[in-house]
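Which chain is which? They are A, B, C and D, in the order written, and residues in each are numbered from 1.
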Amino acid sequence: MTSRTPGIHGVVPPVVTPLTPDGQVDTHSLEKLVAFLIDGGVNALFALGSSGEVAYLTDQQQATVLDVITGAAAGQVPVLAGVIETTTNKVIERAHAAAAQGVDALVATAPFYTRTHPTEIDRHFRLIAAAVDLPLFAYDIPVCVNNKLDRSLIMSLARDGVLAGVKDSSGDDVSFRRLAIDLRELPGFALLTGHEVVVDAMLLGGADGCVPGLGNVDPHGYRRLQDAADRGDWAAAKAEQDRLAELFDIVLAADPADSSGTAAGLGAFKTALRARGVIAHNTVSPPMRPLDEQEAKAITGILDRAGLM
Amino acid sequence: MTSRTPGIHGVVPPVVTPLTPDGQVDTHSLEKLVAFLIDGGVNALFALGSSGEVAYLTDQQQATVLDVITGAAAGQVPVLAGVIETTTNKVIERAHAAAAQGVDALVATAPFYTRTHPTEIDRHFRLIAAAVDLPLFAYDIPVCVNNKLDRSLIMSLARDGVLAGVKDSSGDDVSFRRLAIDLRELPGFALLTGHEVVVDAMLLGGADGCVPGLGNVDPHGYRRLQDAADRGDWAAAKAEQDRLAELFDIVLAADPADSSGTAAGLGAFKTALRARGVIAHNTVSPPMRPLDEQEAKAITGILDRAGLM
Amino acid sequence: MTSRTPGIHGVVPPVVTPLTPDGQVDTHSLEKLVAFLIDGGVNALFALGSSGEVAYLTDQQQATVLDVITGAAAGQVPVLAGVIETTTNKVIERAHAAAAQGVDALVATAPFYTRTHPTEIDRHFRLIAAAVDLPLFAYDIPVCVNNKLDRSLIMSLARDGVLAGVKDSSGDDVSFRRLAIDLRELPGFALLTGHEVVVDAMLLGGADGCVPGLGNVDPHGYRRLQDAADRGDWAAAKAEQDRLAELFDIVLAADPADSSGTAAGLGAFKTALRARGVIAHNTVSPPMRPLDEQEAKAITGILDRAGLM
Amino acid sequence: MTSRTPGIHGVVPPVVTPLTPDGQVDTHSLEKLVAFLIDGGVNALFALGSSGEVAYLTDQQQATVLDVITGAAAGQVPVLAGVIETTTNKVIERAHAAAAQGVDALVATAPFYTRTHPTEIDRHFRLIAAAVDLPLFAYDIPVCVNNKLDRSLIMSLARDGVLAGVKDSSGDDVSFRRLAIDLRELPGFALLTGHEVVVDAMLLGGADGCVPGLGNVDPHGYRRLQDAADRGDWAAAKAEQDRLAELFDIVLAADPADSSGTAAGLGAFKTALRARGVIAHNTVSPPMRPLDEQEAKAITGILDRAGLM
């Protein structure tokens, strides 16, 4: 497995998808964002994740995103592509499309919208892996799909070579820690955490890397955090993480009276990237609304205090 | 609104999608099923609902289903089409496709997979309705999308002509009853219940019709139930419903050790339709497994006791 | 079982617990309330239920409530007592106390606060029933205890004479309907619904009675509803229920910005009873706040429109 | 606040409550357990927590537990007492009883069983703190009480001197980390984690100590873990935690077909303590069942591999 996924560890930001004011993929901004992230020292790019607005993008938009990101990455770092669809056949169809566009690995969740079962989730990942010749990551995100991937299920799929890694956004710390211990026997398997405000703690606990949405805004910070952890300087890792945790307060800028958590988070990342001069607009997909100028000002203030302006 | 949705009341089964053993849409069986349902006296057909396996069907399969159902219905009853996608733009894209295939109305849920907000759900339905010139039904199914549609939200959308009806699978009886009372002011609005084992109670409470998955198996029974309710013979309606409630035990035939509730339910409906000679196979989409012969035998036994063999 | 619980069917309001402004049980108001309910034609009284503020009352207060209610009922109608504690031994201790005060039946939930298991829930009810010589009702209220009582569990306990009845507040309409059908074999078993705005529908579906919190405010209305259902006049039952459903809007009077649903509901019932001259104060237990005069005015307006002032 | 809670940091095990085979508190075993824990180097004892079976113990049993623990501790380490009741007045009543028995601090949850509201939770803690002159800890355990304590609520209560600390079992890593950062301004406030398999990570993230149920079985291990963290040797802390995480597998010994997670966990801790010669029986309270000899053997095997036999 290791040989199939060189480089899928460390800092792997879920790349946001910049949009033009009329809702099209802003390809120029996306190219600039990819360059910004690679300059920031990220190890790989995760396209079409939740932070990439995948649940909001049409087939055509998703194809455009992969086209721009793989083009801009140009082999400097691997590109993982989310293939987020409700069930197996639909995931496989999308996986074939992504593979044809030259991505390096795929990321799929358990089935969603419909009720499912552990034996069905097992079959789901096996069928996807059998259909597409790319490393497959499981995306463990119960808040979106209503199911937690069991440790025993992941280990079975890992040992059988079905999965090359896991992106864990489950919040189940017991399962994560025990998984990290069990995975010592499979050194090529990549255990990535999506919990961006406790990356230091997750790395200490055995994670191989992180998938921080906030890494779009401050890739250099996550690079320093990862480097400190890699050399065992946990005090430095913690200090960097604490700084990033305070920066994460930008997601609280949107008025909760008319913004979902998704809109607040994506809106904040895009608004911060606009403020930093990386992308042109903070547009988000419908039915979300973009952050307004007052909310943007709060975000600029936080960026300023973090020394990012 | 009434004029836009003539006939969308009464018995509106969510049509299951028969598959061939290799997983293709079994068009011949689907044609026979449509004929069986129309013969059973249904008022309309709901294609591509949860019972229609919509979450499992590829774009091409969904197009085939609409093609066959609209063709077989041939204008005898209206056809509603589920446009089940995670967010607004994706729903609209699918809605245009369905409209082009000649369906009579559309059924959409709140956004799912992603976290959303009441103001976003409101915008979601308004954007869909503005984009497609067909009556729009809201599908209120929190178990799939993690959000209940508020009564005030539905009333606002109903009064503004955004929604032509609701299919309620929420299980929130307080909200449903109060909605039924509020909707007296909008007589053309269709309030349909998805709670197939208490249709008599829901009709008494003010529902305009039902969307019973079990109606695939016994449309004549739901016809008699609806007719009894329409003429105010609640004792007869209850007796028919009690019979159907016992028939619904077919969904318990599958071994829960390796079947989801979805697989158990869809598998049971298809197995029963096969036993009744309506469709050719009980195949379900991956990652579900079909019911085996022992499970099928349990279902045949229940059908037999219900006088349906 | 029937012989042990004569009269536990029909209208069984969960009696609210009037408090004085300093938070003591207002015994005089409670006596007046019991008289009001018996005059309204209720079939039994349920003391120390959720509407009785049981989760808020100290041991001494609970004893006072039972003392006043059994005294005021004076054998005219049976008195059920909630014995709401986290686990078995604590329930049994409270059950002994209630039995010593002369109540006619007990109502217990599944264990709560702690995680539990179906086999433990089964043992829980069997141990309680073995310890106390009074009819035992199971209170099925997942929203409070995080577990739904399975139909098979209830049937097993019913057939073994462990349970004399169920108060269902689960909202699981499939389970309720099938339970009603299965229970035909046990005519003395009492299946009571807590879903107060759809009592007509639940009675049609097979319930033996109802436990409406709103029955504190308008017992005469629930009496008429039950009588209409008993004589098979479902149109009249529905009309009465629709009226009561609109009356139930009093629970929406409290500002949700600083009131829980519990505070809004209990506060509304008490405020309405005060407005109707039955009890003296609308005080609720800490940490809830009482409804203020503006909220009370909204309630008076609803009562007025309902012809209850 | 600091002066009120000397010593409430570091390793604070939630002391299990040994029982005799007939279900009484096994006072001799409990005394031995307290001595074992103090010998193991714990910083304080948490009596009547979830691991202390508090939800299962009668008033008399709870009094016995506090009597034995405070007596055996004899001032060597502080004793915190859980005051776990559904709502305010009941908590206060229990808090007075605990205070009279000489405990050093109290631990209370948000209201449970009943629905509640942030403003009510705020009032709840303020009323408890005003009623009893002991340091008050908030127990943040959404899995039991269905509500997460907001960071802003905790900070407000901390700044106002209402709370002396928090025991966090919420699993919300974002909230925990930001709370740890905010709490730098209140150095006397104790932030304790209940997540026993990631204590190293939580200490790195800013926790002041831990409340590990597994600390009953291996207090010396948690002492070494805490000491390593205190001196900044995170590699040693991680190694110790990894060992403890594997030891935690004892909670998987019980057959899930007839054991709740609570029974499996408490049963495992007691069975392990019996195997280590600390307590006499592995009895648990009804309706839980004790682990059988086969399950006990599995636990002994794990203890053996961990070098604890």
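To be clear about the criterion, contacts are C-beta pairs under 8 Å (C-beta built on N, C-alpha and C of every residue); 3 or more make two chains touch, one makes a residue touch a chain.
Nothing here was measured: the structure is a model prediction, and the numbers come from that model.
For the copy pair chain C and chain D, the superposing rotation over Cα atoms measures out at 180 degrees to the nearest 5. As for how the two copies chain A and chain D face one another, over half of their interface residue numbers coincide.
Averaged C-alpha coordinates put the centre of chain A at 35 Å from the centre of chain B.
A separation of 49 Å divides the Cα centre of chain A from that of chain C. Residue positions of chain D touching 2 or more other chains: none.
Pairs of chains that satisfy the touch definition comprise A-B, A-D, B-C, C-D. Interface of chain B with chain C (complex): residues 171-174, 176-178, 181, 195, 197-198, 200-202, 204-206, 232, 234-235, 238, 241-242, 245-246, 248-249. Touching chain D in their complex are the following residues of chain C: 23, 50, 55-59, 61, 84, 86-90, 93, 111-117, 119-124, 127, 143-146, 258-263, 285-289.
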